[in-house]
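Following: one structure in structure tokens, then a few remarks.
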Amino acid sequence: MADIPPATVKRIGFIGLGNMGLPMANNLYKGFKDSADFIVFDVNQTVTSNFLKEHNTDPANPDKVKIAKSPLEVAKEATVVVTMLPASQHVQSVYFGQDGLLEGLTDKHVVVDASTIDQSVAKKVADVLHAKGVKALDAPVSGGTGGAQAGTLTFMVGSRTTEDFDLAKPYLEKMGKNIVYCGTNGNGQVAKICNNMLLGISMIATSETMNLGVRMGMDPKLLAGILNTSSGRCWSSEVYNPCPGVLENSAASRGYTGGFGTPLMAKDMRLAVNAAVETRSTVLLGALAQQLYNQMANNKEFEKLDFSAAYKWLSEGSK
Amino acid sequence: MADIPPATVKRIGFIGLGNMGLPMANNLYKGFKDSADFIVFDVNQTVTSNFLKEHNTDPANPDKVKIAKSPLEVAKEATVVVTMLPASQHVQSVYFGQDGLLEGLTDKHVVVDASTIDQSVAKKVADVLHAKGVKALDAPVSGGTGGAQAGTLTFMVGSRTTEDFDLAKPYLEKMGKNIVYCGTNGNGQVAKICNNMLLGISMIATSETMNLGVRMGMDPKLLAGILNTSSGRCWSSEVYNPCPGVLENSAASRGYTGGFGTPLMAKDMRLAVNAAVETRSTVLLGALAQQLYNQMANNKEFEKLDFSAAYKWLSEGSK
Amino acid sequence: MADIPPATVKRIGFIGLGNMGLPMANNLYKGFKDSADFIVFDVNQTVTSNFLKEHNTDPANPDKVKIAKSPLEVAKEATVVVTMLPASQHVQSVYFGQDGLLEGLTDKHVVVDASTIDQSVAKKVADVLHAKGVKALDAPVSGGTGGAQAGTLTFMVGSRTTEDFDLAKPYLEKMGKNIVYCGTNGNGQVAKICNNMLLGISMIATSETMNLGVRMGMDPKLLAGILNTSSGRCWSSEVYNPCPGVLENSAASRGYTGGFGTPLMAKDMRLAVNAAVETRSTVLLGALAQQLYNQMANNKEFEKLDFSAAYKWLSEGSK
Amino acid sequence: MADIPPATVKRIGFIGLGNMGLPMANNLYKGFKDSADFIVFDVNQTVTSNFLKEHNTDPANPDKVKIAKSPLEVAKEATVVVTMLPASQHVQSVYFGQDGLLEGLTDKHVVVDASTIDQSVAKKVADVLHAKGVKALDAPVSGGTGGAQAGTLTFMVGSRTTEDFDLAKPYLEKMGKNIVYCGTNGNGQVAKICNNMLLGISMIATSETMNLGVRMGMDPKLLAGILNTSSGRCWSSEVYNPCPGVLENSAASRGYTGGFGTPLMAKDMRLAVNAAVETRSTVLLGALAQQLYNQMANNKEFEKLDFSAAYKWLSEGSK
């Protein structure tokens, strides 16, 4: 990883400052602000100007943080670029569209796409960038907005070589706790899709279980404590319990606001069900859970809520 | 908890030496053999005589371990009794049947039923025993046969008072790692039912996920490692992964032999679905998972396998 | 069937004038009012006095229709008795409770229970009545309140002999279109449970299908017409289409009021899921559909609606 | 419909002589052999030469039936063309590929595609053909191979105008019983997808119901008879009962051979689940049923069987 040690990087670029991207960019900034400047791009100019206001506070260096007019400008000014976008079509336009990244990328660039997209698109992006000598990696994340803010995300990284992986790792480590090498380009997406299918099912299962136990007369905190020291234990019961009051800082304890929205989970589980068909795999619980998130995502109230609102969906059915 | 310190207990009784009961009795024996003698009962005389052969090895004390002819005999000889039985009807006959425990119990006895049964039966047993001054507790377990052998079970304990709980705790601690006070008699069953419903769903979800990832080209150990550091993490993926080869000592890696059989999971999830109806709760994934275990439990091959054979059930469907 | 030809029956009794029972009693009255008098009983005295007001209009015969103070009084005055009750416990109290039918029944009586109850209870009632020489039959119905009003119900009849069946048939024919001999006592319940499980699944399936087609741009009447001449055809699409406007007189076209309530369907499908467990049968769609009706039956709005409101439940989820 | 009365059609073309296409072509031939000659094309030359052997039996007219070397040749020789192909990609290559239909089509042609494909592809084919003045219709069918052989299929027809519909109708009437106008091009596919989703769910529901009833002790023929006169009635219970022995000529009574294979049903239900996502519709039972057919379609034994083998799948699980 010697040829681009972080120390020699003059400017770092970040594209996509959404619910996930913004806190990731903040952590990346905190981690490298002493050694590098920044440039950011987002179609939503409010978030970029807020980013500027918050971080561009050094009178001695008025260009410490810059806002780019296009992905191309990011490529021209930064040698390390991270992108965090909603879906396959956004990735394609940011990389291959007019004034897109591709035009400005060279064999001096390290580019990491942290978006969750189809494995096929991730492979295509990597192939095109590799042809120009760019070090390209796909690194979708898990951990939700909480993990993004705490810098404890897990990155599932697909890269052509372990050298490319080592090059990107120092940057990912500022935004995440676990940086996992998943093999060749595209495998990061496989890991992400599998993780989120299991997460999506577990959250509904935890919601059904907490709702049942509470109705049977157990105290929810006591029940959660028991599950979390038993074989029912899962991330959804321990770290993100969907029952209000069990965890102080959970989405459930703030009315299911913020967090990982039901439409995002419906989208990720949809990718999983598609992948199941393509690989002739059977996902009985996966397909049912996908429909349930789809149902919530299409409901005026629940489309705005965190995916752990599955608990509210189930328990309020009986109000 | 002073009135029956373990030191003053002359003989400990254990009823029900099945897949779970036998290793539990072995651990209880190891823990108290220096301070107390034992008496055991089971309808299967082979297991009791094996228990005798293995432990009754002190020529200076030929009665160190005795085999009882009936539950009543256990009550007459032991002051602390643990029962571990398959279902509600067995509990009722062992406690209330002819030559049953009840006839011999007094206000000097501490009795713990570790069986998984209906909440209503557990409450009835407790009421009848309390009327005779017996300290009665319900303490169903989780952790499977592996936890029973390692002495790392979780006991979910319902008891009339915390004093009764403190009295029983020293004995449970020899068989388990987590001894959890769940409140009044019967609540142990609530905790158990909820835990196993969540476990049963998680295992199928983990099986669907591992099967999908493997078919998408990921190495199963690598995938499991990623899930276990991400939000998809659950006991089934970490401790009991259903994909052969991922964990050396898992049921999956020994052909799904031993462990927690599909009929037992089908039974526990059935208790959960029943409880859901009684409490007007909705368990969409729970009801579907119950049917899938029911389907396996009624299949000549899978009825003999560990519940993690859900992976085999799903993946072989595509052979 | 010669020993009690309808002509010799002086008074006919009917117990249970609910949503189903009342229109059935009205049709039975219309069919025999020229040859027999009537006596009715219901815990709800409003419905019995309304029945009296409507039918007891012959000044020459002021006792044409009587209201009984108890089931026993019905047995004493009538030789043919039909009962239509909500569940097993009501049947047991009406037949075996204080001032119950049993006390007054003789070998001159023909008694038909049209309630939907557990097969075991139906068998017990038949055994006890047979012991007194009573001709006892179980004859649960299908067809809903529409069929009850139109006299087009299907009776699924369990009886000890075909002679008993022939004896009851003339009465059932006034209330239904299809009187089906299902074999020995209790088999009527089997047929009913199976029919309603299939009905309950078909109604949700039809709702999902109509909702999908409408969202894809098809006219609902045209789509229903196509389904009804194709292999997707079912009673729910043809006779009871859940999409408002497709059928003029459907529950859907009157705001899902009246008809067969979601709690009743949840109850019948619950009997089916129980029967599946007892017979080691797998009902994957049945168990899921049961949970969905359970969810509706526990919702303040949907608990009051016809079971075809499954369409409203699905389609409004996306409003 | 005057401009191309069947009488003036000199040669009729048929492309795709598979399980469905062959019996359809046979019926079309029987219907018009007195007024027109034929030309057929299939990549499988065995089926085309068999078709020739069977029908080209008039020594006075050795060219009565011809085998085309390409779709283009069919377009050049016939003015009415019917295509029956497996999936979207085959339709695109037959119409738009090298030596494809398009090259030879003129404003004198009437072309009916009876394949079941994506609505979007059906619309594209129609647009391109309309631009050349061709009368183009999409007319997917239901009724299975039995209906294809008996000439009792239902055609769900999408066409630009009712005039086009009237033009094609005489030909479709030789192959089907119900020729249904579904509106504009593409709507035929909507009707087909909706019908088959409802069919697929109903077949599994009927299988679960028949299996449950038989295990509860009912005679299968008697149970089917009851369902078919009750509200559980559906095409799967009446016309295609999945329980062996209930109907003499059902697939179930011949070991589930022939008929509509599980992979075909899995494919059609997959189209339905995709359409549900695109239209933000919820299909809970649909998604579960799709997974179950997917499971059967990926099983070495069941991939070869008719979709009514769902009964065998469920009932043998308990052998």
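Read from first to last, the chains carry the letters A, B, C and D; within each, the first residue is number 1.
Note that in this section a residue touches a chain if its C-beta (ideal position, glycine included) is under 8 Å from a C-beta of that chain, and two chains touch if they have at least 3 such contacts.
All values derive from a computational prediction rather than experimental measurement.
> Can you check whether chain C and chain D touch via the same residue numbers (shared by over half) or via different ones?
same
> Just grab the chain with the largest centre-to-centre distance to chain B, centres being mean Cα coordinates.
In terms of C-alpha centroids, the chain at the greatest distance from chain B is D.
> Using mean CA coordinates as chain centres, what's the chain C-chain D distance in Å?
The mean C-alpha positions of chain C and chain D differ by 40 Å.
> Could you work out how far the Cα centre of chain B sits from that of chain D, in whole Å?
Roughly 55 Å separates the two chain centres.
> What is the distance, in whole Å, between the centres of chain B and chain C, each centre taken as the mean of its C-alpha atoms?
44
> Which chain D residues sit where two or more other chains touch them?
276, 280, 282-284, 288, 292, 295, 298, 314, 317-318
> Taking the touch rule as given, give the residues of chain A at its contact with chain D in the complex, in rising order.
Residues 270, 273, 276-277, 280, 282-284, 287-288, 290-292, 294-295, 297-298 of chain A touch chain D in their complex.
> Spell out the part of chain C that touches chain D in their complex, as residue ranges.
119, 142-144, 147, 154, 156, 178, 180, 182-183, 187, 190-191, 193-199, 201-202, 204-206, 208-213, 215-219, 222-223, 225-227, 229-237, 239-240, 272, 275-276, 279-286, 288-289, 292, 314, 317-318
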